[in-house]
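We call the chains A, B and C, going by the order they appear; numbering starts again at 1 in every chain.
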Amino acid sequence: MLKTCCENVRKNVPLVHNITNYVTVNDVANVLLACGGSPIMSDEPEDVVDITAICSALNINIGTLHKTSIEAMLKAGKKSNELGHPVLLDPVGAGASALRTNTAVELMKELKLTVIRGNISEIKTLALGSGTTKGVDADVADKVTDETLDDSIRFVKNFAKESGSIVAVTGAIDLVSDGEKCYVIRNGRPEMGQITGTGCQLSGMMTAFVAANPDNQLEAAAAAVCMMGLAGEIGWSRMVEGDGNSTYRNRIIDAIYNMTGEILEKGAKYEVR
Amino acid sequence: MLKTCCENVRKNVPLVHNITNYVTVNDVANVLLACGGSPIMSDEPEDVVDITAICSALNINIGTLHKTSIEAMLKAGKKSNELGHPVLLDPVGAGASALRTNTAVELMKELKLTVIRGNISEIKTLALGSGTTKGVDADVADKVTDETLDDSIRFVKNFAKESGSIVAVTGAIDLVSDGEKCYVIRNGRPEMGQITGTGCQLSGMMTAFVAANPDNQLEAAAAAVCMMGLAGEIGWSRMVEGDGNSTYRNRIIDAIYNMTGEILEKGAKYEVR
Amino acid sequence: MLKTCCENVRKNVPLVHNITNYVTVNDVANVLLACGGSPIMSDEPEDVVDITAICSALNINIGTLHKTSIEAMLKAGKKSNELGHPVLLDPVGAGASALRTNTAVELMKELKLTVIRGNISEIKTLALGSGTTKGVDADVADKVTDETLDDSIRFVKNFAKESGSIVAVTGAIDLVSDGEKCYVIRNGRPEMGQITGTGCQLSGMMTAFVAANPDNQLEAAAAAVCMMGLAGEIGWSRMVEGDGNSTYRNRIIDAIYNMTGEILEKGAKYEVR
């Protein structure tokens, strides 16, 4: 199934509209090209409705918000919803400022989100801020580890169910759930956190995967997570003495570029819970 | 002649003012440095007139438009025209949204553009939108191939003549014309399309070439196209197993950095029609 | 001492708020991660106060000013001052436009700046614009060389004393002074100037160094300068035939990633005057 998800991206070449931060935008574009998609960026409110209309999906990332880009996110998101396009939200820094938290919560309320992808603390912020978490859930630990796994899975499933979105929480162990099933994924390397924007890159790629696999969006989201992590492992295996995070960034994108459905199927480490 | 065009950039070190998109801006800056020019970026309307005044040329790229950057493009463009500086327009995404099409057409009307560089569909959009195309021209094919070459050359020559700008259409075969002569260029590799922003990079470099060769702007524009394509060939020859589009990006810029007039002269593949 | 400064960054992992230009922002983020810090970017006036409050330091870079980002710089700077966080100003392009010069001077007047880092012509512009330079100082040469060294040291010391900030002037020879002592640093390579943003990267890294070494800010600023230059030397030693400025960029960031306090101590070339 992961194999097919990966191959469908290369076959369908989904055009993805990205309203994303200016820190990691170039890498997001190159990762989308590497995995077989096609990127277009636009965050001007007067431009986004036209652009979203010619795309297959929308990737919203709140990493560097501006007043005008928030307006653009809402306009593009509503148009995408109207057209039945998948919409992904990456709530970068939700919990770190009122503007980020409030914007993410507003986007959740105003838009039908196909996927929400973030780290555990961002996702917890959304769960609390949008009133979709009750009782024990709010106490979920700040890291997904083997010790906290059961609680974390329960939290992610509940949040997915209540929000009506696929929820992807990435960290040392990644969780991807639609409220019923939960993929528990163990690909990746800790050194990926020393590169800026691997999360943003994953969100861009995941949007392409979900767009190219409309009938298997949960599997597609999980496939993107496995592929990013596996690319991190393959990229790391090509590092030599003296290389550091800048070369590692290139190696990871290169590994995505060379990924096939078979390599992915073979290298993916996951269980379904 | 290409040799001299290339050498003049390294000799004159033209300072190029770029109002460009935030996706590929870092690569544009590094390519300008690699070819021997010097980049400066500014898109705030209150800043651009001063900045353009200290530069030799202006590169306008509409890849991620904002209301304020459109104002900046017009202000900087008028100041550049007043000072007799070359101005290049890269109409990224013209045809994809009303804002992009209208902005590109407005820039054509309000400014004296030295060069317009885009892909065939962007250039067709401009030709139609600005009313400079009649009859058969509008039917030019969406790809420049050996089959469509004669028609494409006629179209590019006509558009150059009517617009009063050098027109560069890049794709599998590149065409550069001033309305009289047309360079037909066959450097480059298809894999360059899997890197974000090779077109933007070329526009930045072409601006430096035109600025450094005021008496041979057509040849200079053609030289930049040959150089970008040749760098794509040289860069590709240095790729090893496991490398992908991220490493290829670095290799292309590196090849520009190491390019000499002689390498360019020897590797350029073109005819004049 | 340099050794300790370097190690404190890796130990304390300072979170640095960057209001910086969109040209080099990705490299600034990766350099901050490479040296052991952690980056966050935000330039929306409604977001910056919250973001600065959770950080340890603020890096202000005026490379691509917007009306709103100027407002953000002032708001974030005042909040940082209130909280006692170090604030660094990188006056990119001061002297090149009225907006840049005036903004830099206004930031100097409105904020308590811990460090001002720029090239000699930017720093001279600030010294003149803020009225902190008198007599002979204004005549300091436009390059710091062995011939102009004594005058340059006197100028930098005076400007540091009068402005109340640590002043770092980078070029072929780098000077870092608090008004009393002046570090004269000779690390680095001229080819670093052919990469966009090595100055911006240094400013980001220096902010992390100053934040992680509150009791030795002058030494910390000097250590960051030595480390950037040394990384340029180490990165260059790993270049092979055919490599250019794009690969060099990666090599420098990689060298920062692999730098230890001991390597820095051993490779730093400086004297204190």
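Just so we're on the same page, a residue touches a chain if its C-beta (ideal position, glycine included) is under 8 Å from a C-beta of that chain, and two chains touch if they have at least 3 such contacts.
Bear in mind the structure is a predicted one, so any value in this text is a computation, not a measurement.
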Count the residue numbers both chain B and chain C use at their shared interface, divide by all numbers used there, and answer same if that is over half, different if under half.
different
Through what angle, between 0 and 180°, must chain A be rotated so its C-alpha atoms fit those of chain B, rounded to a multiple of 5?
120
Could you grab the centroid distance between chain B and chain C? Build each centroid from C-alpha atoms only and quote it in angstrom.
34
What are the residue numbers in chain B that touch two or more other chains?
22, 26, 249-250
Taking the complex as given, what residues does chain C use to touch chain B?
21-24, 26-27, 63-67, 93, 96-100, 194-197, 242-247, 249-250
Could you please specify the touching residues of chain C with respect to chain A in the complex?
22, 25-26, 29-30, 33-34, 39-44, 46-47, 50-51, 54, 68, 234, 238, 249-258
